[in-house]
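A, B, C and D label the chains in the order they appear, each numbered from 1.
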Amino acid sequence: MPSVNILKFGVSSPADVTPIQGLLRAGYDPSQVLALIGKSEGNGCVNDFSRTLSAMVWEPMLPKDSVTVFSGGTEGVISPHVTFLVKEHGGANTGLLATVGRTRKLDPHEIGTADHAREVAVLVKCPLLTTNKLQEIRAAGKTPPTSDTYQSMAKSRYASAVGVAVALGEVAEGEVDAAIESGTTWSAAASCSSGAELEDCHILVLASSPEPGRLRATSTFMEDAIDGRAVVEALGEVNRDQGQVLQVFVKAEADPTGEIRGKRHTMNTDSDILSTRHARAAVGGLVAGLTGDTQLYVSGGAEGQGPPGGGSFCLVYTCPE
Amino acid sequence: MPSVNILKFGVSSPADVTPIQGLLRAGYDPSQVLALIGKSEGNGCVNDFSRTLSAMVWEPMLPKDSVTVFSGGTEGVISPHVTFLVKEHGGANTGLLATVGRTRKLDPHEIGTADHAREVAVLVKCPLLTTNKLQEIRAAGKTPPTSDTYQSMAKSRYASAVGVAVALGEVAEGEVDAAIESGTTWSAAASCSSGAELEDCHILVLASSPEPGRLRATSTFMEDAIDGRAVVEALGEVNRDQGQVLQVFVKAEADPTGEIRGKRHTMNTDSDILSTRHARAAVGGLVAGLTGDTQLYVSGGAEGQGPPGGGSFCLVYTCPE
Amino acid sequence: MPSVNILKFGVSSPADVTPIQGLLRAGYDPSQVLALIGKSEGNGCVNDFSRTLSAMVWEPMLPKDSVTVFSGGTEGVISPHVTFLVKEHGGANTGLLATVGRTRKLDPHEIGTADHAREVAVLVKCPLLTTNKLQEIRAAGKTPPTSDTYQSMAKSRYASAVGVAVALGEVAEGEVDAAIESGTTWSAAASCSSGAELEDCHILVLASSPEPGRLRATSTFMEDAIDGRAVVEALGEVNRDQGQVLQVFVKAEADPTGEIRGKRHTMNTDSDILSTRHARAAVGGLVAGLTGDTQLYVSGGAEGQGPPGGGSFCLVYTCPE
Amino acid sequence: MPSVNILKFGVSSPADVTPIQGLLRAGYDPSQVLALIGKSEGNGCVNDFSRTLSAMVWEPMLPKDSVTVFSGGTEGVISPHVTFLVKEHGGANTGLLATVGRTRKLDPHEIGTADHAREVAVLVKCPLLTTNKLQEIRAAGKTPPTSDTYQSMAKSRYASAVGVAVALGEVAEGEVDAAIESGTTWSAAASCSSGAELEDCHILVLASSPEPGRLRATSTFMEDAIDGRAVVEALGEVNRDQGQVLQVFVKAEADPTGEIRGKRHTMNTDSDILSTRHARAAVGGLVAGLTGDTQLYVSGGAEGQGPPGGGSFCLVYTCPE
């Protein structure tokens, strides 16, 4: 796995590619880009064309074997931005390793199924089912896992998370079908978001190097959407290392029981704002308030990516070598 | 000002009045209620009928001279609930004082004006302009301060806040017109929310008693919507007193510049979710994550109620006597 | 079945009960009310508290054995209003007959099932599943027909429509389970809407009298959401009778295939506005444009109440005797 | 003005450029395109990135001096599509004439002002104010005409409509400032829509040729959003000519008085769905129901483009020569 640096830039719209200039000014060339991870300002749901727009303007500028992961939804204080993962010059050690890949294109009827889970492995961008794709499945005489386009996003994220769990040895290959069926498997290492702008899965694996460097990653999970303690502890680690936070990758969701710590929430009965939007806004507010940074990767819908109602949490920081 | 106790209960819907039983079980009678302050689960904007519904079911159960303050919008993790302020038995000191009042009914054309500001004084529930009221103003040959119903909510909150500032001596009586005109006055003691369910202003003044007791209130303001430090400091005070948080009253808003600490936010350009909803979700997420409690009074739209983009913050807690 | 008159009044908010004065002025007493059918201005989905508010203010004013049917959602040009069905003085023939009833309260786990279908019979208001009810079902060790609160509205409407089909002899009693399972049965006589404000089903049967009078009802169905021809033909009948339209009861839905006459629509992929809201707005626009009246009963979600993508259509009009 | 043909194609997403193949199959070359007019499926408001996406994928394929007019919002039954206006082969007469142009780029502080009005003249796509642009104006020490991004769309449309009125001699050059100030001027020949994806105004003038051909255009206006008579009369003209409707260009808005024909509507008090979305859905439903076609250009916000609450209406049809 190559050693990587991480650079973050604000964008003025989903079509803004000026961060490429920031990359150049920092001494990197677009050819060194392994992955581009962005938060774009659409609704983060089925008809979020800000994601498609960002993918369309960025992909021609980046290497063919790099991946893009655009997560829609900058509810509340979250600031639209992009994060580059670039291969370090001359392979010098930074302390942070990364690798990327893509699965084959999934047929629509495979999205959200065990077949889908077998194709993936840790920051994953995966497809969803639109009305057109649902028709395609039915025309082929097959049955979609759901006929609700918004729910297909959850199914797709969950199948991706099961794939991550398998890749990390947390779930055995032979148990994929059972895991998909049960809906209760989870891996704190998975962060999966779905979108209509792709038909394969984009995969990014991030890891601390066994050989320490100026960058470090620390991973944990939030027990629920108000788990400030998990965030405070991760920041405590940064402080002990006299480090500075570069980026946080966190998943958020509305607790499926309809309650958080025994108190009712209303995210699952709001027919005006879908639950993933609520969850991003709340968890984004918490993490921004504790880090002082609003350019955060907060992604909604944490099915299989942490305990129910919680979500995976990964923090990358610099520290004096 | 009478000495008061504070009791908080979850509700299962805006029509749920079962908390009256909790009040009775705690040994209080509805006749002791000074104020009922609730978060109801509508959109918190112009057409939020959850507020009207709550007012309608609760007001017949409470003393005529008590006030209700229902703030709509439980975005993100905020849990619908009601908070009673009740006069303590036999006037015994609790450490917390409160008094309530109402203005005369405002004529529609007065809402959001200097006339409105002259009528008020610290937790204020104030009216807004509906289409019907706009027509009434025009039919009377007068000019409404705005013809946008959502903006009338902001105008009404701001006029209420100026009224609070005058009552506290922060603004001179003779400067009311100028303050209304400028739009830049603010008081960290003001918490104002507007609604279509009333035509007068409901006012609640809360203060720590000079004579300490088992309850305390501490007030500050958030500099911006991610001012975690203000929250952490207030909680530090509670910890020093070995206390426990009972309730937080906090105002939240989208920074009108479109940026928070130099980074763009998208709350003011989102045509699907109005900015007050975003702001409540984010600040609610932060305060819930730090207090571990989701039954919080987080109200959106902090015009004149703290620095622009921030908001007033008041925390009530118990401490060992 | 008693002979009835029909009276329609605009309302200024979901809490407006002034139409009772219109009823009195027309010479009727509230004790003569058989049914009150209203369009209230909430989102018409799960968290529509305008319906609850209307039910709460109206029900104490009406006879215990009358029914209320409040349908939320006045998207587009639809105007909030209420329609009274009142028993004619002295049982005089008006040409229009009606009868009402209620089922027993349904247990949450029965909503949207064959048990639900067995309880009903033609304008039906039926319950839905909230987060609380879902928990109740699970706590009892039972399985809800869906865990999505918005989808539970569709399941409930469909079960009601199957009930109507059975009552009218369109479906045999023994085929209820199969009809619920298939999801493809429909009756053009059914108009069903669901809400959180009730736990039983409210039922209203409307029919033309065999003995003609000054009121007539004509029923048909729209083949799809743009079936202007069905509306024009019904209006042609009114014209031939030199009549005047009093009220239209129409159901609307987004075609589940994602297309109307071979052209794509976007109602099923819009994550900002749920499909029932789109459908009401469009069909309301069509019927209002053809009748010149915006106080229409247009209700969203026509599962089992007409061909897929279409909906039942009933028009009541006066004609010279 | 060149003689033009008109071709319409459905799209599967805002990024779908396959209609170019339909154009080629019909025997036209992209170099013949004068204008591309599309309905894309975003919210049609400030943060509608479907418009930007469509502009981005289409503009590189079309002549530099052609214009694009993308109008967001396919609420209700409206089907996403694009309409080409192409110069007829060899300048042969079709009966329909068109010409296009662009203004210079407007400075942000000019948007929605008299300066803006002086630049335009009949189907106009014009810019809006985002948060960034508002800051730019203020940084330059100037005052924006509004600080509400959604309202800036209305201001921009109105200024464009005044420009059209001037160009057609309906308003004198010297009265532009007064017309902007009053807000009450209108031209039934204007159809203006605003978007964040451009900084100049795109202008398309469409006219029937004095020399008749196989295409004809007929223009009128809707008196209000339920003016079915205007639509029926236009269709009557088509029938008399034994023609077939090719496309309808219609503007829709929520009546600013809050009433339609004396009955209240709720489009101006809905804080979940902005009024332009409601208006498109309703008028789209009416026109689709009468034409049987859902691929309609229905654009929201008709300030200055017809009587208040109504909107301009233009129908293009083929007829046997």
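A few points about this structure:
The rule is simple: a residue touches a chain if its C-beta (ideal position, glycine included) is under 8 Å from a C-beta of that chain, and two chains touch if they have at least 3 such contacts.
Heads up on the chains, UniProt names are A, B, C, D = Cyanuric acid amidohydrolase.
Please read all numbers here as calculations on a predicted model, not as lab measurements.
When every chain is reduced to the mean of its CA atoms, the largest separation from chain B (Cyanuric acid amidohydrolase) belongs to D.
Across B-D and A-B, it is A-B that has more C-beta pairs touching.
Matching residue numbers shows that B-D is the pair in B-C, A-D or B-D whose interface repeats A-C, with more than half of the contact pairs in common.
Look at where the CA atoms of chain B (Cyanuric acid amidohydrolase) average out and do the same for chain C (Cyanuric acid amidohydrolase): the two points lie 38 Å apart. Averaged C-alpha coordinates give centres for chain A (Cyanuric acid amidohydrolase) and chain B (Cyanuric acid amidohydrolase) that are 36 Å from one another. The distance from the centre of chain B (Cyanuric acid amidohydrolase) to the centre of chain D (Cyanuric acid amidohydrolase), with each centre set as the mean of the Cα atoms, comes to 43 Å. Residue positions of chain D (Cyanuric acid amidohydrolase) touching 2 or more other chains, listed in rising order: 12, 41, 43, 47, 132, 264, 266, 269-270, 272. Of all residues in chain A (Cyanuric acid amidohydrolase), only 43, 45-48, 130-132, 134-135, 147-151, 256-259, 264, 266, 268-272, 274 touch chain C (Cyanuric acid amidohydrolase) in the complex they form. Partner chain A (Cyanuric acid amidohydrolase) is touched in their complex by these residues of chain B (Cyanuric acid amidohydrolase): 10, 12, 41, 43, 74-81, 225-228, 231, 260-261, 263-267, 269-270, 272-273, 277-279, 281-286, 288-290, 292-295.
Residues 12-15, 41-42, 47, 49-50, 52-53, 56-57, 132, 196, 272 of chain D (Cyanuric acid amidohydrolase) touch chain A (Cyanuric acid amidohydrolase) in their complex.
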